[in-house]
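Shared between the two complexes below is chain A, which pairs with chain B and chain C, respectively.
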Partner chain A sequence: MSKVGIKSYSYCLNHAPETGSHYGGTPWEAIHSGKEQEYLDALPKHLQSYDHALHYAPNQTYIGGISYEEFEAIPAPWVDKPLPDEKAKRYGKFGELMPEDEFLGLISACDEFELVWLEKSFAESVSKKLAEDPVITEAIVKRVVRPKNMQEFADIEKEVAERGALPLYHDNKVVGCIRMGHPTDHCLTAHVLMENLAGKASGVLALLHLLKNSGLNPLDLDFVIECSEEGAGDVGQRAGGNFAKAIAEVAGCTNASGCDVRGFCAGPVNAMINAAAQVASGARKNIAVVAGGSIPKLYMNSRDHVKKNLLALEDCVGSFAVLIVPDDGTMPVMRLDVLGKHTVGAGGAPQAVTSALTFEPLQAAGLTFSDVDRFAPELQNHEITEPAGAGNVPLANIKMIAALAVMKKAIEKADMMNFIKQHGTIGYAHTQGHIPAGVPFIGPACELIKEGKIKRAMIIGKGSLFLARLTNLADGASFLIEAPSPIEQTASVSKDDIKAMILEALSEIAGKLA
Partner chain B sequence: MGKLAGKKLLLLGERDGVPGPAMEACLKDSGAEIIFSATECFV
Partner chain C sequence: MDLQNQQRVKDAGEKYGTDCVVILGSSDAEGAEIYAETVTAGDPTYAGPLAGVSLELPVYHVFDPIIRAECDPAAWEEQISMMEMVLDPEALAAAVKGMRDQYSKNVIE
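Let's turn to the complex of A and B:
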């Protein structure tokens, strides 16, 4: 059986309410349609402060400020149950929740083409703050204050007014801008570059935390696979890539290379399978699977949040990273013989999709539904999705898994609700597309396995391929994480053994000839 | 043929619920005309 070790993981959030309320997909569309002034006027009153975001239980669960079990014990709604100060820190076990001004500084540090201009005093101020972050390197801090990335306010205003740059905001003031990458190329507009640089910067932060959490020297990282949903390219190849190598460069991983894997929200699970296969085969000695987050997804459902007078909670750019290494029998493992695959011919019926992603791979490995302690399918925070009419996605998925378990006679119908409670997971991730796609639970699952509380967890991602208008199909993929087991010792053969075998064979032949 | 016979249908599916093509398959023999079917993702 092929297995790889999951050595470490990181999960980060970048608070970005001002960037989101200008450049999130929904506000951006409203600004440009000119038809939703009422919503646009109201949105700023519904934004969540950084301090509130820190005290919000789903955010702390994501960055590891509280454990998944602690989170599970807090019934929703969470928005009116702020965590106590001692559990609402910037840094958690897995990563951090970075404030927006520092995020703008990090975006600037990730710019190689003088695309980001920050106002001088703002740049100097955030570089000092970033220097206090335990994972931000001195080299990154210095990049924030490169002369070519710092400009006077008047120059920034002029670039916005005359040359298609987009302003960056902090405390309701313009503190910088993102410039166009080309005068006519629609793939290099300031808006596209903002998305891509924010994706890159958030991915860098996750990789830096992964290096810290794993203790891996950046120079020892072999390969990076990036799996977000952004497309970096120019008019000739609009999603040519490559985020992975760009992220590795800023993180100081000079001996690594990398490539991107895409598949909408199924990208991360497919990237994990890709990485695991390469490490298990010996092609790479280790791989970091990394994803930055999405500016367009910020405030995606905020029309409904505003309409219902709720806080607009979609204010964080999410990111994660996982380090895959050879299995040494000491760390949680990812099995390569239990992989769910939603085939072209499987169809789109929920029952068929669920069967392809759970029942079929488990059955092939001689396992059943109750052998999996936790299923982690699509972990969107339902406090965000329910007011927008998108329901409780993780609950809908585990209900379908439970129903299938009943159909397959793996559990009794009367036990369905217990199964849902015991084997499901509650969503706590931001609606950042690929970010909630099962992968947030890799960290908590490994922690629970290390603590001996569970033996197996299944990570499930589903991708909305139909959004690209190439096919009506969706996609899905899944894998199993398990407790480590002792490495099977392969008997080695010495030179003397070989000599003895050859002599034995020769004497046999000699005997036959005689 | 049921009560949908002769009707025109707009089908809006959801990835984590029931997608458009699955609804189309269920309604294929209903006698209704499917004039629009799509699947969307709200998360």
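Let's turn to the complex of A and C:
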């Protein structure tokens, strides 16, 4: 059976309310349509402070400030149940929740082309703050205060007013800007570059935390597979890539190479399978699967949050990283022989998709639904999605799995609710597209396996390919994480053994000849 | 209902009139009700092509017994029966019926 070890994982959030309220897809559309002034005027009153975001249970679950089991014990709604201060720290077991000013500094540090200008005193102030972050290297801190990235306020204002740059805000003041990459190329506008640089910067943060969590020397990282939903390119090839190498470079992984894998929200699970296959085959020594987050997804559902007088909670750019290594029998493993594959011919009916991603791979491996302790399908925080009419996504998914289990006679219909409770997962991830797609649970699943509390979890990602207008198909993929089992030792044969065998055979032949 | 789908329904409604039946597959009753209102009385959010346009089309949820009876039982079993177990078919059909009774000019007989 082919399997690989999951050595480590990291999960980070970058708080970005001011960037999001100007450049998130929904506010950006409203600003440019000119038809939704009431919503735009109201949105700032619905933003969440950094301190509130730190005390918000789903955020702390994502970065590992509280365990998944602690989170499960807190009934929703979570917005009015702030965690106690001792559980609301910036740094969790998996990563961190970085404040927005430092995120702007990190974005600037990730710029190679003088695209980001920060006002001089702001840059100096955030570089000092970033220096306190245990994963931010000295080299990164120095990059924040490179002369080419620091400008006077008047120059920033002029660049915005006259040359298509977009202002960056902190405390309601302009503190910098992102400049156009080309005067006419629509793939290199300031808005596109902002998305890409923010994706890169958040991916760097996740990779740095992965290196810290795993203890891996950056120089020993072999390969990076990046799996966000951003497209970096120019007019000749609008999503040419490559985020992976760009991220590895800033993180100091000079011996690594990398490539990007895309598939909308199914990207991360496909990237995990891709990485695991390369490590299991021996093609790579180790691979970091990394994804940065999305600025356009910030405040995606905020029209409804504003309308219903709720806090607009979609204010964090999410990121994650997972380190895949050869299985040594000591760490949780990802199986390569039990992969859910949503085929072209399967169709888009939920029943067909659920069957392809759960029942079919389990059946092929001689397993059944109840052999999986936890299913982790699409872990969107329902406190964000329900007010926008998108329902409770993880609950809807586990209900479908339970219903399929009934149809396949794996459980009784009367046991459906118990199955949902025992085998489902509660969503806690930001609505960042690929970020909630099953992968947030890799960390908690491995922790629960290490603690002996579960034996097996299934990670499921689904992608809406039709959004690109290229095909009407959806996509999906899934894999199993299991507890480690001892490595089977192949008996080795020594030279003396071979000699003895030859002598034995020769004496047998000699005996027959006699 | 997103803007592209509103446009597609508007085009079909204008071409075929109230002989054009809209079948919804929405998974929540509130959404089904809004979609049904959109294709009958007009877009209540005033954001899309059906804002202020009353097509008065006959609209049904796929779980409505009239639609279910039209479906191939084998295809239903293979494609939809699981969702029937997960969702509340009666509530969904009733939510759409409420709008149909108020605003649809034509119904399936």
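Remarks
Convention: the second predicted complex is superposed on the first by the 492 of 514 C-alpha atoms of A that agree within 3 Å, B and C clash if a C-alpha of one lies under 4 Å from a C-alpha of the other, contacts with A are read in each partner's own complex, and residues count from 1 in each chain.
Heads up, the rule we're going with is that a residue touches a chain if its C-beta (ideal position, glycine included) is under 8 Å from a C-beta of that chain, and two chains touch if they have at least 3 such contacts.
Since we're looking at a predicted model, the values are computed, not measured.
Judged by the touch definition given at the top, the superposed model places A:N270 against neither chain B nor chain C. In the superposed model, A:S228 lies in contact with neither chain B nor chain C. In the superposition on chain A, A:G389 makes contact with both chain B and chain C.
In the superposition on chain A, no contact is made by A:N149 with either chain B or chain C. Look at A:P436: by the touch rule set out above, it reaches chain B but stays clear of chain C.
Of the two partner chains, chain B is the only one that A:N301 touches; chain C does not reach it.
Once the two complexes are laid over each other on the shared chain, residue contacts for A:K462 go to chain B alone; chain C is not touched. Looking at the shared chain after the overlay, A:A349 reaches both chain B and chain C. Between chain B and chain C, more residues of chain A are touched by B.
Common to the chain B and chain C interfaces on chain A are residues 347, 349-350, 389, 391, 396.
Across the complex, chain A is touched by residues 14-22, 25, 38-43 of chain B. On the chain A side of its complex with chain B, the touching residues are 264-265, 300-301, 347-350, 378, 380, 385, 388-391, 393, 396-397, 431, 433, 436, 462, 464, 466-467, 472, 474.
Every residue of chain A that touches chain C in the complex is listed here, in rising order: 347, 349-352, 354, 389, 391, 396, 399-400, 402-404, 406-407, 413, 416. By the touch criterion stated above, chain C contacts chain A in their complex at residues 27-28, 30-31, 34, 78-83, 85-86.
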